[in-house]
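Letters are used for the chains, namely A, B, C, D and E, taken in the order the chains are written, and counting of residues starts over at 1 for each.
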Amino acid sequence: MATVDVKNLCKRYDDFVALDGVSIAARSGELVTLLGPSGCGKSTTLRCLAGFLEPDGGEMAVDGQSILATPSNRRGFGVVFQNYALFPHMTVAENIGYGLRLRKCSGSEITTRVHDVMSLVKLTGLEHRMPREISGGQQQRVALARALVLKPKLLLLDEPLANLDARLRDEVRWLIRDLQQQSGITAFYVTHDQSEAMAISDMVAVMKKGRVAQFATPREIYQKPVERYVADFTGEANFLSCRSLEACGEGRMRISVGGAELDVDCVPSLEPGEAAELLLRPESLQLATLGEDVTFRGRIVKSAFLGASQHCEIALADGGVLKLTTAPNAPVRIGDEVGIVVDRSHAWLMPEGTK
Amino acid sequence: MSGASTMFVQQRPVGLGFALLIVLLYVFLLVPLVTIVGASFTAGLMIEFPPRGFSLQWYREFFGRRDLVDGLLLSLRVGAITAIVTTIVATMAALCGQALSGRKGGWFQLAMTLPLLVPELLTAVGLLFFLFKIGLGKTVLGLQMGHILMSFPYAYVSITAALRQVPSSLDEASASLGATHWQTFRMVTLPLIMPGVVMGAIFAFINSFDLYTISLLLKPLGGNTLPLALFDFLTYEFKPTAAAAATISIVLSVIGVALVQRLVGLQRAF
Amino acid sequence: QSDRFIVNMFGGRWENDWRQHVMPRFAEQTGKPFDLDIGLGMSWISNFRAAGVDNPPFPAVMLNEKYTAMIRNDGYFEELTPEKVPNMADLIEPAILKGKTAVTGMLAPLVLAYRTDLVKSPPKGWADLWDERFKGQLGLYKITNSAATMMALWAGEHFGSGRDDIETAIAKFKELAPFPQIGYSAQLTPLLTQGQIAVAPIDVGEVKSMQEQGVPIDFVVPEEGMMVFDHSFSVFKNHPDKKLGEDYVNFVLSPETQLWMAENWLIAPTNKTVELPEELQKWPLQADVVSKAIRFDWDETLAIIPDLNDLWERTI
Amino acid sequence: MIKARHLRLLLGAPAVVLIFVFMILPITNMVEMSFRVPGTVEPFGDDYTLMHYTRVFGDSFYWGILARSLLTAGSVALLCLIVSYPIAWHLSKASGLKAALLYALIASPLMTGVLVRNFGWMIVTALNGPLNETLIGLGIISQPLRLLFTQGLVIVALVHVFVPFMVLPINNALRNIPDNLVEASVSMGASRYRVFRDIILPLSFPGIQPGLILVYVLAVAAYVTPALLGGQMVTYMPTMIIAELTGTFRWPLGSALAIMLSLSTILVVGLFTMLTWRLMERARA
Amino acid sequence: MATVDVKNLCKRYDDFVALDGVSIAARSGELVTLLGPSGCGKSTTLRCLAGFLEPDGGEMAVDGQSILATPSNRRGFGVVFQNYALFPHMTVAENIGYGLRLRKCSGSEITTRVHDVMSLVKLTGLEHRMPREISGGQQQRVALARALVLKPKLLLLDEPLANLDARLRDEVRWLIRDLQQQSGITAFYVTHDQSEAMAISDMVAVMKKGRVAQFATPREIYQKPVERYVADFTGEANFLSCRSLEACGEGRMRISVGGAELDVDCVPSLEPGEAAELLLRPESLQLATLGEDVTFRGRIVKSAFLGASQHCEIALADGGVLKLTTAPNAPVRIGDEVGIVVDRSHAWLMPEGTK
């Protein structure tokens, strides 16, 4: 229920530049994810927002008002930490009610509000346990409840699922998304897991060494990345070097790749003749069956059964390798010669980048 | 542990030898104390172990001796004040030390443990001159300052160790929930470092209760601490009363430890 | 003027008795509460020196002459006269010390004690300590104790060219090594009691208390003459309670107090008017025995002490 | 936020004042004292001189006592390590109530004064004391041993006093060694002994080093125990210093000796730290 | 290069039965995975094999010889731990060479063998770093190299990838599989990540509370689980309660479910009339396009863009929910009525089980 504007945020630790001009924004009720590899500055950005760190430069505003001068304890944001940061000497109920107690709420009000939020996150019955006596998933929910009970303007979540196992992660991820949408709280969410980011965000900021490489919707990030780094980080990807021959319409380009010529969508700023790379997601590739329009040919070099699907790697004649996914029971044998069909509407051309 | 235990299963003789060694070492730790306690109950006239019969006569004698009882009372008083003051100052210093990082933190740590690293004697003599210079010579306050100084590092080290166990994210979580620094300290940090604080206070007290050289030089007019009184006693009389006095200090220490156990749980305190 | 009257005393039994049996009578006299500063010569001297001439912490002090000698030339003390301290008139002559800054209030005889069960023929005098039969059975003092100092000076005189012949003295003691070196005479008690040593120069008071505990022990007054620990009393010139201090010294020298100390501590009275009761006759407290004791000039001794200590530490 | 940080630093002020006023100033005073000329009336005169240092450093007698002090402290520290290591190991494997009891047991020497403990040793080692009786009972000796006032007893008593200072840090370090390092090494074929030598010992060094340093520093300055149990048969630096300061009242000389002792302690500790720096660096996880 | 036979292994911790008759076997050169949720006894099994624990009962044999009496340090197995268990005070090269040192190899032999194995796991150049100075992925490879350099008969890996991030995990997983296959070492591999288990194993043992629920190839485990627990743990799954009407051939059954009648494959032991559950993996369901043979009808209640695909949940008329996966750009709107097509050859009938 608040708009957030972060402009050109900079932060140095001694000599090390951790943030080098980060700009992101959230509209009211949006969930914005900061996605990036370890050390790229995600937590630093969040900690500046929370007020735990003082930025060296830039502006942060909530609802149009700068918060730079507001100390952490008056910003009124909810923060959920990676390792939960539950107070080990307080029961679950005391943890959740702590913020209310600080606000001098009456005992009965605290009881009802704690009770309500606990049933919201499905923790009823655990009031009197200590944090060490409940499971990781439950701890995570306590941390969430503790932040939510104060009805924060803005929710900041720093890798809230990192310590959960795969199955719990899924469950809590949906819980967070549901609660955030129900209550309409604006949220910033830090993760280095691309599928997590894709699944729950309204907007994703892919970060790279203290900068934002791309800030867009999940779909755009995945399908129309502005550089190889983004494509690489947001999912499995095949890259083929190619020559761009000529523009053929707004944002389209004709290219020559692996002996074939194709018309594909491209990054708008790309100029014909520039060295470029073609992004082919595994799911836009298919092994050819009879009579199809084969784009590439190659030999299967690796395959693995993954349950819901099979993973194959195919070496092309010119040395490139394409990874693709097939139905779990498709007959793939290492060494077979195969043809590959490309879904051209999902090929994407980017300027050649350093990885 | 499980790895080691499997190895035990396979090489029992070594395990047995080790167990014997451990028992011997613990006996070594306990022997002088057990002897004193035993000797204090002797019905005979001489200090000896095993005691000759059982009697409480030496305790009666102890409580009849004003020099020893006064020493005990002064030691208790100075020790209690030392424990309280030292713990407060050390808690503050530990919080400060936590905020200092790297090289500066190292120097601070060194400075705080200085009284432990300089021979007590040097400090004691230096303090003696100094206290007379500032008008605190031969006063209880001067003695008190000496005790606080010498006990400080123990409390500081214990509290700092406890503080290190508190992740900084708890402070931040508390701030993000709207707590001021003081509220965070009172409601989050302090309860969590309590075992270390209590342990520090106990260490400070015990150390103060035991200081000899410093007390010898700085003791106030008309006052003697228990170790000094005991030393004097042993100097002129070699009677089981001393064992009774020593047993009383042991009992006081045990009460202190039991108190920690009740307040914070001993395992957490170390 | 302070609200309490403070004087010094040794710790342990001394303190206890002084507090319970002696001082109350003085407090009754003056109507002022008292307190004791417990310690030893060296700690008192440290304190007086640290406090300076102008700020003595309390008005009257009891010290071994060794310590008195250290500061009596520094202007700390009041000169004592029979006008100020009437009982001075009855003192035996050697009790009034140099410069009249101090009077000896207690003389504690130092004799040779031996275990009657462990020693077949008892020693007769100091020289017998060097006899083969006591080898390894001796307990002596460390050199910072005045007893050791006195014995060293005596040995210099007896075996060498004079009291200042420290080389000879030390060489003689080296012959006795190794032997336990004790800080205070009472620390010899447990050793004698347990039989870890059989012969030691010791305060007669200790002999008496050991005998009372049933230890088979006896003593001889050395034929060369016994030595004495002398505790002298002085008054500080610059203390506001100086007058009370003088009264206190007078009180200590009074026949009642002197007799009390003789009866309870086996201290030889320095007041000539004291009559020793029958049961004390077997102890060497009588004025004629005491006058034959070997005495030392502590001013001279102090000049020797640094070198003596040094050589002792280096050699033994 | 800047302000909050400064406030936090301000919390250190009382401690800094305490240390500065009651520790650093007095010691500076002592250092100054050590450069004074000896006094005739007062313990020291008004002029400054280096004579005490030339005397102290130029005399093999003092060097001998210093060396004896440092060596004794060194052997106390080493013996203490030998005694403490098995205890620390045993302790690090315990948990719950058992651990609490063991902690109490180990801390017990700390909780009873130096004097009390020494007094205990006097009783134990008496000619007819329990130790002699036991040894005679076991037939190990036929004559009671005179143990009081021997250097051996002083060392034993000092070791006893300092055991907790050694056990606690080593126990800490041992607890921080993950079990699976032991398992990893066993799975590669290491014997019990090799596991100890290659893994446990080096990794517990971060506990051993501070333990050794602390015990060493405390042992160098120990005064009461040698005085009470040593019977002054051998002279150590602290005894010397006390004697000079409070016996012969040569304060400048005493100060110089005290400073010599402190400096050489710092030197030894510094040297030791430097020599073991690599070991520490390596073991720091 | 060794066959392993574990029979009826039992292990108790005080009162708690951690292993309750575990039997698994590995043929020479096979990679066998122990898969199961936290606390099911995977590590305990492995630690019994490694000799760190003494089993209370059962038999373990390598190449037909019992190893029960062989102490751990003479079994000659390589062990790789979850958190690597590198010796922090030894350099990378020293860590790898430690086992050789214990075997009293000559210095030059150690150097060459360490060098060889380091180039095998692509660590060349890091010889003199300390473990804390290299990345998680590199540490993992050191742990692997340290085990491999001793040419162990059997390699035991306990969640070797748990501490790596998603991208590294993939890389190291393939490295392990490649090395294991190249060297032909028999291996036991513990994980709770089903996709990991599927991808690299020859055989998978799915464990449940100290027992082996199913021991089979990955494909069989995924497609023909013997009970709901196994199906649930090995991937996303939809379960529909149904009635089995009659057997219709070897291992096939006619059932009635959600108003339709189907012929499906089933667990051989299943009897007609027994209460049963139908397993439908999301990938065997498809949203119907025009004219297809629709099996179920329902309404879309949730959808999420996952990059390579979209996730939908469809509520059926009878209250059941089916999860399925669609192409990333398929038009799915919450609230739409849709039909669902089932790939009957991949439906699987199991006895009804407690979850």
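What to note about this one:
Basically, a contact is a pair of C-beta atoms (placed from the backbone, for glycine too) under 8 Å apart; a residue touches a chain by one contact, two chains touch by 3 or more.
Each chain and its UniProt protein: A, E = ATP-binding cassette domain-containing protein; B, D = ABC transporter permease subunit.
Bear in mind the structure is a predicted one, so any value in this text is a computation, not a measurement.
Touch-path distance (fewest steps) from chain D to chain E is 1.
Chain pairs B-C and C-D differ in how many C-beta pairs they share in contact, with the greater number at B-C.
Look at where the CA atoms of chain B average out and do the same for chain D: the two points lie 16 Å apart. Each chain gets a centre from the mean of its Cα atoms; for chain A and chain C, those two points are 90 Å apart. Between chain C and chain E the centroid-to-centroid distance comes to 90 Å (mean Cα coordinates, whole Å). Taking the mean of the C-alpha atoms as each chain's centre, chain B and chain E sit 55 Å apart. Across the assembly, chain A contributes 51, 71-72 as residues in contact with two or more other chains.
Contacts with at least two other chains are made by residues 4, 122, 126, 128, 180, 183, 186, 245-246 of chain D. Residue positions 2-3, 7, 47, 129, 217, 231, 234 of chain B are each in touch with at least two other chains. Across the complex, chain D is touched by residues 1-4, 7, 11, 14, 18, 21-22, 25-26, 28-33, 35-36, 39, 47-50, 89-90, 92-93, 95-100, 108, 111-112, 114-123, 125-127, 129-130, 133, 145-146, 148-149, 152, 156, 181, 203, 206, 209-210, 212-213, 217, 226-227, 230-231, 234, 242-243, 246, 249-250, 253-254, 256-257, 261, 265-267, 270 of chain B. Against chain B, the residues of chain A that register as touching in their complex are 47, 50-52, 71-79, 81, 83, 85-89, 98-99, 102-103, 146-147, 150, 156.
On the chain A side of its complex with chain E, the touching residues are 37-38, 165-167, 192-195, 198-200, 218-219, 222-223, 234-236, 281-283, 304-309, 311, 325, 327-329, 346. By the touch criterion stated above, chain B contacts chain A in their complex at residues 167, 169-170, 172-180, 183, 187-188, 191-192.
Listed in rising order, the residues of chain D touching chain B in the complex are 4-5, 7-12, 14-16, 18-19, 22-27, 29-30, 33, 83, 86-87, 90, 93, 95-96, 99-100, 103-124, 126, 128-130, 160, 163, 168, 179-180, 182-183, 186, 192, 214, 217-218, 220-221, 223-224, 238, 241-242, 245-246, 254-255, 258-259, 261-262, 265.
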